[in-house]
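Please read the structure below before turning to the comments.
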């Protein structure tokens, strides 16, 4: 049972909801889910509508041409997706395995609706697991000398695999501006703190030194301004004086894993809209 | 800035969203919030639409007559409310003060948008506080002999104060069928467990004996079938082997207070729809 | 059934647990609860031991003299408290009532084991409620001109009421150094964010602008370095794009209320030890 | 840096803490962590003490003989473990991969301190992953006819691999009494509900029908009395009317995975004591 998803935003004005609803109705569509939001401060309207394709009067290729005049009239940023499309994705990791392993297992069990094209790492620790799962693995070892060349290779790989979503699964290298520019709002990173607390290096050490009673993790779209990209999801967990840096780090790994998986799933299900440096997650 | 809220449910079919959207649009309305849900299993459509009254072309008294034909056509159960209406309410309590005190303070600070008409209790512990807050207090002492007469008095009080919402803030008496019948889906009770676990008496003792690692609280609409009414909200909190029954009870009080307040607020903001023995909380 | 609580910290070395355990054993004491912690990084030992007074061979006044040699030998910072002692307390508030009301109700119902001596505010909004509860209320209206004099009056009030714990229940005035110095580690403040995120003014506005998916509240001991004092407790709650600043603020109020009450209770039950700018909460 | 863990319980009486502390002190031990608990209702004392082996005057094999007289005198149930011992373990699974995959990845990354001897399943879906990780895999297909023989084979496998901990990672077969008897308090099961709510089959369907606002998962020691074994850990997650059975199930999988991993880790770190049908988790 495939469905279509319209994900749109535009300046808020009267009649948008009615217009979209009428469009679907006129073509015998059946709304499965609909969610909308207005940011009254900025005057922006957001909507996600999912409708059944079985009964729909238009073929897949005819939907966008039919909808485009509406999108134009309201100056919409609009995207049309189909639920059985699987976004081509790349997972990037460094040495730490927890986020990558979790994403690989979720993909392997069919839970993450993406077309995993490649895993890329600056270490080769994950090569064997990827091979056993039938996922291409690319090793890009990084030294200060090789980094420029490897960053170029990274972009080449992403392009040659025709990737549409990049997941930084505890990838400890700076992603070069060439990549962040090419994949704006399509790179999901996991930061190991409750941003904006403890930006920068060693957040668990910072958390321990400050004596906080909660630690956190934040999934966000990567931008050149490190740790400042639009936040998709966050979570915290309770800690106590008993938790030294090592235990904070271990507890944090479970948070990072869970939050990153949720954020990736939301993106793959076309439930995230970015505006300014914020997100709407339907 | 007053707004109108349409809260409606009906058999699911095409065109409802468009119809409601067009109705608001045609009368120059501005949708502030809209949320809908379809229970595909039962084929029921639910919607909550909140729209601005300032720009609306119809006066308050003219809205319902204009909307009624739509409600009829779709066989809707529909309610129209205005955001500045304050539901007349009664709070019922027994000896334990935590839920009642919290609700009174929230009402006193203007946070609970209700018109508190009366507090009724089978004990007089709360009389002084009510008096100091200017809230009428009715004492209905209960003994096995007086209960029938007092239950009748209870119904009389609710009627004479023209109450539309009854909150059982740890009211330890059985509410008589005459009252549950007269106020169906308009009596909110707080049960001190994560229903359906630990129904019946002494849930914290039951929880302690079972050795659970979480305790809970459940706010639900009261029905004659005790602990079985439609659930509005629930919450749990972590406990350990260190928590004896007294500590479980104390931790539970904070849960009860928080969950009941949230459920009452959701009801007062016209965000709850009941169907069967379930709720949709928008 | 009164009990005694020993709350102690000292440089970590062998034999402390045995020494304390033997002290209690030799005087026929019965340990009710015991908890210890070692900060291996800083080499500090912490312990909280609660033991029964009924069977204890020493009278209340004789316990400290008997224990003092042990405290000396291990260079302990040690405090002896009795469970039926009720700390003399003052609550300070400004206009917002939620934290103050909650604390007053918890004190009124006997849940907060303190001897509430006075409520002090720079507004007189809370005078009536305090009066109805029989709590002395002092009004210290603040203007830029009167602040120096009123700050002096504040310290005078705290001293004349012989207060041992000051709770800042959303007190929006800067507490003067004279007071923070006199009540070091005895002033509990509630900050309306997950510190160290969003220090400074308007944290809910900051949170909204950053687009976070969680908001938080932090209870900490007040120091002159604003928002930097030792953290006692923290909590977060999930928010979404739907929550504007007003809704964030309202959701935040519930967090602030809950976190502050928990922190005050921990202090009153002699479960908090401060070291450096951190706490151990047993 | 290896350490020793004493995990003990006995009838509560004076002097236990002092005795254990003195034992460690006399042999130049250094307490790393200590935690104790008294169930005053049942009069049972519990303790977990972890101490450094580096400085300890006794060799590993001499510790128990030296401690045994104390254990005898207080009628202790006592266990001595070493932190670098890795319990021999077996993971059992059926078709659903989420819990098994997660445990395998945690073991693979070194996070779960066990010696994984074998994975056993009534389906062969997991054979390839196990092989790629170098874990022996045993396939025991079950039909009503073969179940008795396969149950015997199961016990044989567990014995031949000398297993000390069995983890039921969504193993959908009834574990035979021969196995539960042989591995009392050493089989950890994950139940997909917040026990004792929704015992029996299809808990997510039951949860959906009841209209709960939270779902849960429970890790417990398996006993012959299904769903009644001692609870080790539980967790809940918020759901709404939007979550149909499929979405509840998916959300539940993340809970099951997290709760089972935590419970297994607690067992492997010798932090769980069972008494009656409850646990103390230090």
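Lettered A, B, C and D in written order, each chain numbered from 1.
As a working rule, a contact is a pair of C-beta atoms (placed from the backbone, for glycine too) under 8 Å apart; a residue touches a chain by one contact, two chains touch by 3 or more.
Everything numeric in this text was worked out from a predicted model, so none of it was measured.
Could you find the chain whose CA centre sits the greatest distance from that of chain A?
The chain farthest from chain A, judged by C-alpha centres, is C.
Shared interface numbers for chain A and chain B above half of all numbers used, same, or below, different?
At the contact between chain A and chain B, which are copies of one sequence, the residues are largely the same (over half shared).
Could you work out the angle of the rotation that brings the CA atoms of chain A onto the matching CA atoms of chain C, rounded to the nearest 5 degrees?
180
Cα centroid separation between chain A and chain C, in whole Å?
Result: the chain centres lie 41 Å from each other.
Roughly how far is chain B from chain C, centre to centre by C-alpha average, rounded to an integer in Å?
Chain centroid spacing, chain B to chain C, equals 35 Å.
Name the residues of chain C that each touch 2 or more other chains.
Touching at least two other chains: 33, 40, 242.
Drawing the touching chains as a network, do you get a line, a ring, a star, a complete graph or other?
Here the contact pattern is complete, since every chain touches every other one.
Could you please specify the touching residues of chain C with respect to chain D in the complex?
14-15, 17-18, 21-22, 24-25, 28-36, 38, 40
If we count contacts the way the header does, which residues on chain C are in touch with chain B in the complex?
33, 97-98, 101-102, 105, 108-109, 111, 128-129, 131-133, 242, 250, 253-254, 258, 261
Would you mind writing out the residues of chain D in touch with chain B in their complex?
37, 39-41, 46, 194-198, 210-214, 216, 230-236, 240-242, 244, 276-281
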